Amino acid sequence: MSLHAETPAAGSRTGVWFVGARGSVATTATAGCAAVAGGLTPPVGLVTETSAFAGSGLPALGSLVFGGHDTATEPLPKRAEVLAAQGVLPSWLPAAVASELAAADARIRPGGPLPGDTRGSEELIGAFAADMAEFIRTTGVDRAVVVNVASTEPVPGDGVLPPSSLYAAAALRAGCAYVNFTPSAGLHHPALAEEAAASGLPYAGRDGKTGQTLLRAVLAPMFHQRALAVRAWSGTNLLGGGDGAALSDPAAAAAKNAGKERVLADNLDTMPEGEVHIDDVPALGDWKTAWDHVAFDGFLGTRMVLQTIWQGCDSALAAPLVLDLVRLVARAGERGLSGPRPELAFFFKDPDGRAPAALGEQYVALRAFGERLGDVR
Amino acid sequence: MSLHAETPAAGSRTGVWFVGARGSVATTATAGCAAVAGGLTPPVGLVTETSAFAGSGLPALGSLVFGGHDTATEPLPKRAEVLAAQGVLPSWLPAAVASELAAADARIRPGGPLPGDTRGSEELIGAFAADMAEFIRTTGVDRAVVVNVASTEPVPGDGVLPPSSLYAAAALRAGCAYVNFTPSAGLHHPALAEEAAASGLPYAGRDGKTGQTLLRAVLAPMFHQRALAVRAWSGTNLLGGGDGAALSDPAAAAAKNAGKERVLADNLDTMPEGEVHIDDVPALGDWKTAWDHVAFDGFLGTRMVLQTIWQGCDSALAAPLVLDLVRLVARAGERGLSGPRPELAFFFKDPDGRAPAALGEQYVALRAFGERLGDVR
Amino acid sequence: MSLHAETPAAGSRTGVWFVGARGSVATTATAGCAAVAGGLTPPVGLVTETSAFAGSGLPALGSLVFGGHDTATEPLPKRAEVLAAQGVLPSWLPAAVASELAAADARIRPGGPLPGDTRGSEELIGAFAADMAEFIRTTGVDRAVVVNVASTEPVPGDGVLPPSSLYAAAALRAGCAYVNFTPSAGLHHPALAEEAAASGLPYAGRDGKTGQTLLRAVLAPMFHQRALAVRAWSGTNLLGGGDGAALSDPAAAAAKNAGKERVLADNLDTMPEGEVHIDDVPALGDWKTAWDHVAFDGFLGTRMVLQTIWQGCDSALAAPLVLDLVRLVARAGERGLSGPRPELAFFFKDPDGRAPAALGEQYVALRAFGERLGDVR
Amino acid sequence: MSLHAETPAAGSRTGVWFVGARGSVATTATAGCAAVAGGLTPPVGLVTETSAFAGSGLPALGSLVFGGHDTATEPLPKRAEVLAAQGVLPSWLPAAVASELAAADARIRPGGPLPGDTRGSEELIGAFAADMAEFIRTTGVDRAVVVNVASTEPVPGDGVLPPSSLYAAAALRAGCAYVNFTPSAGLHHPALAEEAAASGLPYAGRDGKTGQTLLRAVLAPMFHQRALAVRAWSGTNLLGGGDGAALSDPAAAAAKNAGKERVLADNLDTMPEGEVHIDDVPALGDWKTAWDHVAFDGFLGTRMVLQTIWQGCDSALAAPLVLDLVRLVARAGERGLSGPRPELAFFFKDPDGRAPAALGEQYVALRAFGERLGDVR
């Protein structure tokens, strides 16, 4: 097998099609990719830029081409300025990557369904897929990855394809790999299962593991390995921004919390007492505070407590993971790998397929996957 | 190879010789072992009682025979009552295991150097070794493990063997395996290196990883795997009891903190800013509160913070690990394994030999060791 | 006016009639009063035992006589043992005050409505009042105070007198002063307003300020006095025990939270963003953890955060306040004071009448009240 | 007495002479005063802008004229930009008040002693006083207040006047009122006592109460009023910036901690166990995190814990208090009040004279002082 066919060609480029392309995560990913690729800031938070993935043949950050759908109309350069004013992006960034943001913004299509939209599901899927195909054609990218970073949807009712699934179906139709970074249904909808399996495309999901659940994925294994008995695990998340507002809808929060609970149940073998709250606190903007309280028993039943307080910026936590996923999934597609990728469980609350639940084991699996992507025998 | 030689014989018994046999940790381990062996309480916190170690051929908890050295004279049954009054032990425990405590107490020897003691190092080692040998002889145990759970010593000066090393030398001389659960020098003293290597005995250390450092051993890998840049890691420990008083000595605290820092340096590849304080707060008794503050940078340099608050009872955290170590080291000796055991890094702040620094990897190594101990081919 | 009539006579005794007499708060108050009166433990937490109230002519702790209603049947001595096993009461206490607990238990009547009870409101009030009157007669107390420490009720619907109000009506009928330590309606029900005003009896309420709200009553004034702009005040309470279960009912929680919010609104002049959660976590028993997160702006809009974590035992916080209130209200009745007592706002989340909202000012008012109670001119 | 003489004349102006005029606090105060006076931002954090002080006849913010001493040479406009880049000042502020900052910077003199300075104490005092007098003369202000906001000095040795005291002596000589916002000796040096008393000038100090101690000044009274027994009060402060570096000197920290401890001792009547740490963490810049852990006993000795975490920007907390003090002390001087002003204890850790220790009582005293300043009878 020739080396030429296996490593990205000099001019090879990869498309990134965001569903929610003008949201905080997509704006941060688009602007940040340009900044890191341009050497303006170090690649902090980008797992795929560490030495472990140097030989994986991943597409270069500078070779990513951004576009997407969004019903919002505020242009990316303006969105970046708003995020900088809130301290989510560095104040120097919007000006430094203004041309890249403008170029990406010009490739954003309105998506849907729009207010008053009378198109049916099939018609919407067709329109979305046409937008994606046109993006691939006009930019000349070798392949594209569709990434859902839109606001969390409520758990859908029976038989109705929610918007996230319409976009996922369009991705399949346009021949794009797919990543679901949210807890929405997306490609997980049962109506799409057959089509996904037959597509020959790789996909990964769902719901990025960025803060509280990331912590739980290392702390729960710790308790379990030490044979400490977790009695109750309670948590409260405070956040503003669009995500805060979306998750104040109990149905949307339910989708989110299912993933959070799965991390505990899978790691502890049993589900402890305790609830998780997600409060919309507009004053906090895109900054999230997550408090966790773990009541556990030690030797002879002695009662002990661990509390954690995580104060992070959600977009800044999510954006590099999104870029990591795009690179890994694009390369997987290039190597002919298809179907769900449990090797990417490291990135998700509720990962596809059978995957280990502890972050450390997920990291081992991810590194092995990185080596496999680079193998050219 | 005959099965008979490899698995513990029905009547096989293992000696546990505590240096610091009337301290909180030894009292909790002695009382707790009796309680769990007697089915009075579930084996919470005992890693070696989980299913993963069922086939390792470890000595049964009920086959452990306790003795040790201590310069303190308050008998174990009384010590247990004091600990129960402080909430460290369950109130029902001292009465329930009174006879086992009295039996162990009868096997405690005064050790030394005692106030006004004029014996030199060599003489002390000889006396300690004689006590250990007599314990083995009179109890008829098949083998014994000496475990240092005495108060932390200051870092020793040049050329002087501190008490912990005198006891370690005695262990070698008496043919006992050795575990150093404290940051004191013990068997790590350079003057003992040759003797340890030639002894044919297994040993493990040092400084049990029970609270703040346990957390650090899972959180630091998380930051590293996610390529997040830790800028500063600061911590404060509040504790009373004997350990609080001992560690209020800056020299003793220095010994302790070296281990804490190693966990960060090994896992992060770089040493972040930040100090660690250990405050003696007698009002807290044996309960420890550890606050950690981690300032880290995310994508594009966004500043974020993780804080953890750990409220635990040190003796209840340490005692089951001590029992785990005794069982594993005793079995290693039975299987003819000698020298330092890096496979036991899971239990220590500052482990022997070349061992992984992340708790998850240490656990993988421990389980592999457990399987090796059980293999009888 | 003769001195003799104004200070408690040597043999003067005061009755305490608990609604919820076998609950955690009443059990702790009954047992603790005996222990402090008997000199077994110092009067920590009893405001009325501080020197400021030495001249107020309050009834002595040893002169209080306990009884009450409860539909639960587990006797007080047994209840005390359960609380001691949970660490709520000291382990030595149940035995030390066994006779006092047995005597109080013998004075407890079943109350109601009981399961299958067909008695109407009027009949129940009559029966309750008869129990109270009999208590006064048979014990020979000079006066009695009825204290509601039963589980929080849901906010009542229109026109129905909830149980707490039936007991309050009975108190008036039996000529007893009344304290509502819960957020339930009690004497605040509009149907009782006229009767209360005409009774000539003193009363006070409602909802004891024991933990999170106590903190808020000192922190909110701090922000206000410093002209710092509180943007959001969020809180989560974790608790088990009967209170945790009762407050997991959203209707009961609503009654509780109204008081918590009033403290913020009254002290800050404006209501900040933020929610309050009350989670039932049975594993925590009677121990409550309250986390508060306050996002505030400083000079030039700089965003800052205060977080508090309160870990307390609810019964141990409530019981001394109940005793304080009994003594103050009994003495007020003795001095001929009637009606709502806003001077007692120090003790309540949602105090009667016009009272200052800051704890410091409430304390000034309480001390002035203490002096007034002692004045004999 | 004529009204004209008592209220500030239309053209009346007040000088503010900062010792440490290019430090973070002075820069924030100078820039912030211009921003608030110009209506660019609301007066959050300025106690003297609340309605309670509307009638006190305080000098208007727009009438303050800034100058001062500093051995640092980076100009104020540049300093403001640095602080804005760190998020201490809003990004829009430096440009918006550039002319005011440049004007103030032009009035800054180098102070001393400078490196290699051979001038003696008397000569330095004379030079400093001459700078102050020239400031008054050239700006034409009616009066001036000297405010020490320089880095904390170590506790001085016997007989040596530290720099802060040289500046304080100069203030007296130049006829300026004096405010010591730091724990340094300043006017508290015994060698200056007689001169201060004879000066006829008002003065106030010392050590602004901005974060951890502010909290302690409301929490300690709460525990005391509720008769709860504080067993241990421990704290750790993490901060970077110049203050962090200065306070990593144990001698400087000792000066700081004396004030922190006084707040506890004065409010609790007894000094609990516990230490206070101040760690220099450069990564945190001007942002301070203060963790406090309070172990207290409730009724019957039940052990409970309160923890607080304060995350604030020190300059933004200090600057408005500095402006408040300038206005109050200037007005006091105008009204002929002289000597130490215990009425200003609200602002200080270690206040002058006999003052209440609880923040609430200090606020009552401050408001009374505000009324007194406005009285024109």
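The first chain written gets the first letter, and so on, giving A, B, C and D; residue counts start at 1 in each chain.
Rule of thumb we're sticking to: a contact is a pair of C-beta atoms (placed from the backbone, for glycine too) under 8 Å apart; a residue touches a chain by one contact, two chains touch by 3 or more.
Keep in mind it's a predicted model, so treat the numbers as computed, not measured.
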item	value
B-C against B-D, pair bridged by the larger set of C-beta contacts	B-D
Pair in A-D, C-D or A-C that repeats A-B, with over half of contact pairs matching by residue number	C-D
Intercentroid distance (Cα basis), chain D paired with chain B, Å	50
For chain B paired with chain C, centre-to-centre distance based on mean C-alpha positions, whole Å	48
Between chain C and chain D, centroid-to-centroid distance (C-alpha), Å	42
Residues within chain C bordering two or more other chains	87, 305, 307, 309, 311
Partner chain D, residues of chain A touching it in the complex	85, 87, 91, 309
Contact set on chain D toward chain B in their complex	231-232, 234, 236, 238, 272-275, 277, 279, 281-284, 289, 291, 293, 295, 305, 307, 309, 311
Chain D residues within the chain C interface of the complex	28, 32, 35, 41-47, 49-50, 87-90, 93, 214-215, 218-219, 221-222, 225-229, 297-302, 304-313, 316-317, 319-320, 346, 358-361, 363
